[in-house]
Amino acid sequence: MKLGSVLRWGAPALAAGLLISAAAYAQDPAAAAAPAPAPTVDKGDVTWMMTSAILVLLMTVPGLALFYGGLVRAKNMLSVLMQVSTIACVMMLVWVVYGYSLAFSGGNAFIGDLSKVFLAGVTTDSLADTFSEGVKIPEFVFIAFQMTFAAITPALIIGGFAERIKFSAAVVFAVLWATFVYFPVAHMVWASNGLIFGWGALDFAGGTVVHINSGVAALVGAIVIGKRVGYGRDILAPHNLPMTLIGAGLLWVGWFGFNAGSNLEANATTTLAVLNTFVATAAAGVAWMLSEWMSKGKPSMLGLASGIVAGLVAITPAAGLSGPMGAIVLGLVAGVVCFIFCTSVKNALGYDDSLDVFGIHGVGGIVGAIGTGIVVAPALGGVGVDDYAMGGQVVTQIKAVLVTIVWTGVVSFILFKIVDVLIGLRVSPEAEQEGLDLVSHGERAYHS
Amino acid sequence: MKLGSVLRWGAPALAAGLLISAAAYAQDPAAAAAPAPAPTVDKGDVTWMMTSAILVLLMTVPGLALFYGGLVRAKNMLSVLMQVSTIACVMMLVWVVYGYSLAFSGGNAFIGDLSKVFLAGVTTDSLADTFSEGVKIPEFVFIAFQMTFAAITPALIIGGFAERIKFSAAVVFAVLWATFVYFPVAHMVWASNGLIFGWGALDFAGGTVVHINSGVAALVGAIVIGKRVGYGRDILAPHNLPMTLIGAGLLWVGWFGFNAGSNLEANATTTLAVLNTFVATAAAGVAWMLSEWMSKGKPSMLGLASGIVAGLVAITPAAGLSGPMGAIVLGLVAGVVCFIFCTSVKNALGYDDSLDVFGIHGVGGIVGAIGTGIVVAPALGGVGVDDYAMGGQVVTQIKAVLVTIVWTGVVSFILFKIVDVLIGLRVSPEAEQEGLDLVSHGERAYHS
Amino acid sequence: MKLGSVLRWGAPALAAGLLISAAAYAQDPAAAAAPAPAPTVDKGDVTWMMTSAILVLLMTVPGLALFYGGLVRAKNMLSVLMQVSTIACVMMLVWVVYGYSLAFSGGNAFIGDLSKVFLAGVTTDSLADTFSEGVKIPEFVFIAFQMTFAAITPALIIGGFAERIKFSAAVVFAVLWATFVYFPVAHMVWASNGLIFGWGALDFAGGTVVHINSGVAALVGAIVIGKRVGYGRDILAPHNLPMTLIGAGLLWVGWFGFNAGSNLEANATTTLAVLNTFVATAAAGVAWMLSEWMSKGKPSMLGLASGIVAGLVAITPAAGLSGPMGAIVLGLVAGVVCFIFCTSVKNALGYDDSLDVFGIHGVGGIVGAIGTGIVVAPALGGVGVDDYAMGGQVVTQIKAVLVTIVWTGVVSFILFKIVDVLIGLRVSPEAEQEGLDLVSHGERAYHS
Amino acid sequence: MKLVMAIIKPFKLDEVRDALTGIGVHGLTVTEVKGYGRQKGHTEIYRGAEYAVSFLPKLKIEVAVAAASVDKVVEAIAAAAKTGQIGDGKIFVYAIEQALRIRTGETDVDAL
Amino acid sequence: MKLVMAIIKPFKLDEVRDALTGIGVHGLTVTEVKGYGRQKGHTEIYRGAEYAVSFLPKLKIEVAVAAASVDKVVEAIAAAAKTGQIGDGKIFVYAIEQALRIRTGETDVDAL
Amino acid sequence: MKLVMAIIKPFKLDEVRDALTGIGVHGLTVTEVKGYGRQKGHTEIYRGAEYAVSFLPKLKIEVAVAAASVDKVVEAIAAAAKTGQIGDGKIFVYAIEQALRIRTGETDVDAL
């Protein structure tokens, strides 16, 4: 493989936006043909990318909403469903208004520019690059696919401070966070002129941009906002674990769009990403379950579901880069590490990350991001990148992780403080006692 | 664009059935090649259309069933799930027996003929037209895709008189309604010799045929059947709003098949329909939520979910015709208008449309159908049609809406009366008290 | 059609693994072109096969898990979700470690060999055959698709002895059963050197391998393990039928991947399989419902849902072989036969197959497998196979069914006995009283 | 003081509550219960399994009242809860020796 | 008249009901309750959070009977509900002063 | 023997239970109930329908105790359940004539 490959895999959901061919592919193929072969749009790719965007929506609403919602108490169920769904909707609007432009248009190493606000200039004739030369997809589907990432990422964060956040604060924070954290980090990692992309860091489908990014923000939020009333004293058990399983299942199903869609076309690498998204996930689910069985005496369904999500997180950056056996190993490691973190380390540290967003997305994301540098090794069955040396790649991966952690950690902290001053982050203890559903939304989840 | 374009967009789920090429595309390409280029079948299109048909099933069972089911009282849960699912199943059989033929084969301006009853003559070699010349899809997938529309539309109606209808009456009405309302209206709007199609009315994915059609029928049903026992006195609150959210999420996910599948192939226009189905929906969800927040003091999850569905309804006729910004405006308008209708107008009028089928599908459908005439304008970012003039197009749209309302209004009224005489529409007050699950189906939704 | 056709339809999920072309299709087309036309990989096929694999996961988690989970008592809900999900995860790992190799690599008439353990030698350049000459798909997606079959089949079995099995016993049994029953039977039916394949038995998508196989194993398990405490005395009613409907809906949606994906490409036959999977299912749902209405006085939602699954099972072996009208007849017959079996025959025989795995998958599978020999007849609208004679084909189908029943019956019995000795199959009566969720998994499904 | 305990049909709750507030009773406690009695239940069928369910959903209402008001309260409940159909329920009355309002510490009739 | 209130293990309900109908008692009211007592509960674990749950599901059965039948009723319930294991529950008896059948207006023992 | 019945706010359960075990009471029975009283409820809105909900979730606690312990028990519950806010609930006490532990057949105070 040539040098381009490093860039290629470093830009899974890539810089395509930057390189849009405005040439109408059907109308004037000759003009484009002179310098290079006419770009081709394959309907199989178009179908795959539409399917992938739809699958990522499935992950979010109802997937993530249910995964989270099942874990809170019944009196806060609707507040969680509402926060996830509202943030997803608002982010879709923000994305087409200025998010897409900031993440994928021109700009510098840190952020894009405003040349495509309101999707200026994008028509059905606009094309976006894929990772294969000459293979293009309609820009609209690239925008839609990337939109779903921008929609789910801020929604992931709210799990860190579920059951006590003010609804308006959650939504405002999400928009600010997307603007000052997600769009810049997405640009740094995925745009061809982005800082981290330039280092040659590998992130197939968004391990840093989505998972570490949101996991760390959730941790900061959990600490800034403080523990739930009754934490450590009352029983705060999940009110409906079957909902959580439905959510975990839909997350898994939808994650194929997330991971394999990130290849932007439907080729053999995409199928490898699909296979890895099966086996790494299965391995992590089994690993968490067995760890729990051995250390606590019983394997729990919540443990299995948690391991499944941890595995999905961990394989994300490596989805099309690892071989299936590497993916299994990555899944096993993520399952065990996230289990230990969520059950022991977290309790030792004593913060209240209600739904373990950091323990699963943050920690799993870090395992995956660093592990990607290892399992990509051809010697281990990975697909390899040019000039690969394990040590060097791992160092690059760690650098990317650290930049992400610092950026999201610091900026999130500032944004939480700003929102606290402007709106107030937390409901009153009485409201928390009564439940957010009634207090914030005037409705109850269940009647008989 | 040439004149054909008007027809093209006027027949989203089109007259393909009429124009089936019986020529085996693999066996005798030369014969077909003489007059025109040999029709091509692209496997990307085939995959997209199969995926779309599957997605519309997901909308119906479990999507619509859950969206509706969560809104009734626990004692009527199964009756709603059962009515939606049974009607969908029965309609699939009716569709292949005579529905497809009546809707899409020959006939006159009002209805097709019986030449394809029992799918006579359709084989794996039969092809159906798309909107692009020379691009074909297997007729079986066209039949399957259109079948899912015929399955969900009558099922939508039952929300208007949920919690009091007799099961047998609901099913018999659905079959009669499909026969005397859905098949004719589908033919009028989508067949190339159809009345409304001939006017140049735009309806990308079924705003009139599906939503106005079913919304008005539900309203008529709600009035003919009368209010629920205890309406306005007892608490008739939704028994399980999380189910409603799962339903809304699956409706959204599945609606991509509905809207973007209506393009019948996987090209750039299809991707535009996908993007619009994201942003219009998000806009309507947010609009309903904000309207409620401002007027009632709290934003509710049911409001957000209702807005999401209203947005999906409104973007349906415009899905591949509007630009993304036009779609957002359409969504915002639909969200606000449907909110006002469902919360104020409806109460003022005093009928009991149990699940607001008219308030969301009827009203949202009208907003969308008329709005399509506006947002299609190239000046507003729409894709345009030949000889476009906003005033004229809007008048045409209004004419299409009025014909649909009158047809479905009058015929539905007659059919309800017939079913009332033959079977009786309503269960006894004691049965309503006890709940339809036990009385009509001999089972209960929940045991501990 | 030529003789190859028999083999073709006899190997729906076929012997492709055996015939992998290791030639890099992009790099050295000439080398492959010499003996035969260069194999082509169509991205529409790739997208369809990825979509299909994802759909089969949706069938399993959350589909099957919910379908089953809703039917047990609340205290055993998580145990069912856990067993289904864990078995699916473990089987994915077993599949890539040795299952794929045993099922699809070389070997003899009864079992494959170990040449592809740990997916040795499979890369992104590896291709798998489809049923069309010269049309290939990446081997990774073939592996992933077949993996989902291996994951769901042993999970189906646990419904036979739900609410009383020891968790560890269920998982260990599943792995043993896959090894000694599923992989051999899959090989016998689908591999080109397989015993049953050689007879010319038709099984489009796994009626014998998946449904008869698991249905019989469940029956054996129900008998060996014995009845639930309180069976026939206490009320063992389903605790949450809406969950069961969600499950049935997702099973239906996902089953399109199962049935139509088994064609391995996206052509007109695939669309026929899609259409049949709609209409046969609808017919069976309606048939069960009407049978129940006539014989018990009320049509139940559980009846409709059960009929839907029975129809899906019955159409599985015939999905791409029957015409739509044949599919409807097959569905009607399966609906009625399975209804009679589950409501009368089963009670007469007196075993406790908790979730009617045998009554639906076993009986429905037998109806489908034998019926396939009939509805494939071109005279009945089927696609036909070479040298077709109804009598002979039906005899062949019956032989295939008998071999499967005997193999799975005898081996499953032995395996249950072995697991009973090694681990013990059943929890204590007190544990059964308390519920498996608490006793085996240390958690409860619902809190308020 | 007396405690009036009534078992009624669930959909009669609002009428009973209104009847009680109408005679000046402003506090009561409601429990969802299942009743077994002369009113026959129903049969549920789940595939091959048929279950005769003889326990029916009822509500139990408990109202603590001054001894002097008992008859009025019993009559009010009985009138409001009556449909004349089997299964209308029962009213039982028993004596309570103490009553206390937790918030204020008030006791006996002041606590009601 | 007396009211017999029994706290029993949930799976004993059918046996208790049968025992009561066996001695001619044809009405009773059942409530789902949670009991705390000598019987130890269980531990539930949800990721890192472990909860000791000491409240166990029980059923409360209330039967109003003529004073003369009390002993028979208590014995019947006790016999049917007994497993001999800790947590079998309790039976309490107290006096009721009035009883009324809402449907008919019958009072006292006629109302039972 | 007496039966102390308290209606309390749900989140006070653990404190009340701890207070009771603190004074040597080792058994009690809890029921989820809905209370109507001076504490005002809330309004729920579902699209166009607004419902004023006046029944609030409460817990009913029943403790059978020896007559001598009643005051101590009432005080303990009252102290633990008090927030000083409207809706804290009530405590009622009435006499029970018999008590029986089903498992052992012990009666009266031995049964508690």
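Annotations
The chains carry the letters A, B, C, D, E and F, assigned in the order they are written, with residues numbered from 1 in each.
By our rule, a contact is a pair of C-beta atoms (placed from the backbone, for glycine too) under 8 Å apart; a residue touches a chain by one contact, two chains touch by 3 or more.
Going by UniProt, the chains are A, B, C = Ammonium transporter; D, E, F = Nitrogen regulatory protein P-II.
These figures come from a predicted structure and were not determined experimentally.
Shared contacts of subunit C (Ammonium transporter) and subunit E, meaning chains that touch the two of them, come down to A, D. Taking the definition of touch as given, a chain qualifies here only if it contacts subunit B (Ammonium transporter) and subunit D alike; those chains are C, F. To find the repeat of C-E among B-F, B-D or C-D, check which pair has over half of the same contact pairs by residue number; it is B-D. Pairs A-F and C-D differ in how many C-beta pairs touch across them, and the larger number is found at C-D. At the interface between subunit B (Ammonium transporter) and subunit C (Ammonium transporter), two copies of one sequence, fewer than half of the residue numbers in use appear on both sides, so the contact is built from largely different positions. With centres set at the average Cα position, the gap from subunit A (Ammonium transporter) to subunit B (Ammonium transporter) is 33 Å. Centre-to-centre separation of subunit A (Ammonium transporter) and subunit E, using mean CA positions: 53 Å.
Once the centre of each chain is set as its mean CA position, subunit E and subunit F turn out to be 18 Å apart.
Across the assembly, subunit E contributes 31-32, 44-46, 94-95 as residues in contact with two or more other chains. Within subunit C (Ammonium transporter), contacts with two or more other chains are made by residues 42-45, 47, 51, 235, 237-238, 240, 246, 296, 298, 300, 302, 442-444, 448. Taken together, the chains touch in the following pairs: A-B, A-C, A-E, A-F, B-C, B-D, B-F, C-D, C-E, D-E, D-F, E-F. Subunit F meets subunit E in the complex at residues 3, 17, 26-31, 64, 94-103, 105, 111-112. Those residues of subunit D that touch subunit C (Ammonium transporter) in the complex are listed here as 44-49, 51, 53.
Contact residues of subunit C (Ammonium transporter) toward subunit A (Ammonium transporter) in the complex are 41-47, 49-51, 53-54, 57-58, 61-63, 65-66, 69, 77-78, 81-82, 85-86, 88-90, 92-93, 96, 118-119, 124-125, 137-138, 140-141, 143-144, 147-148, 167, 240, 243, 246, 440-448. Within the complex formed with subunit E, the residues of subunit D that make contact are 2, 6-8, 31-38, 54-55, 58, 60, 70, 74, 77-78, 81-95.
Within the complex, the subunit C (Ammonium transporter) residues that touch subunit B (Ammonium transporter) are 42-45, 47-48, 51, 55, 73-74, 235, 237-242, 245-246, 248-250, 252-253, 256, 260, 265-272, 274-275, 278-279, 281-283, 285-286, 289, 296-302, 304-305, 308, 323-325, 328, 383.
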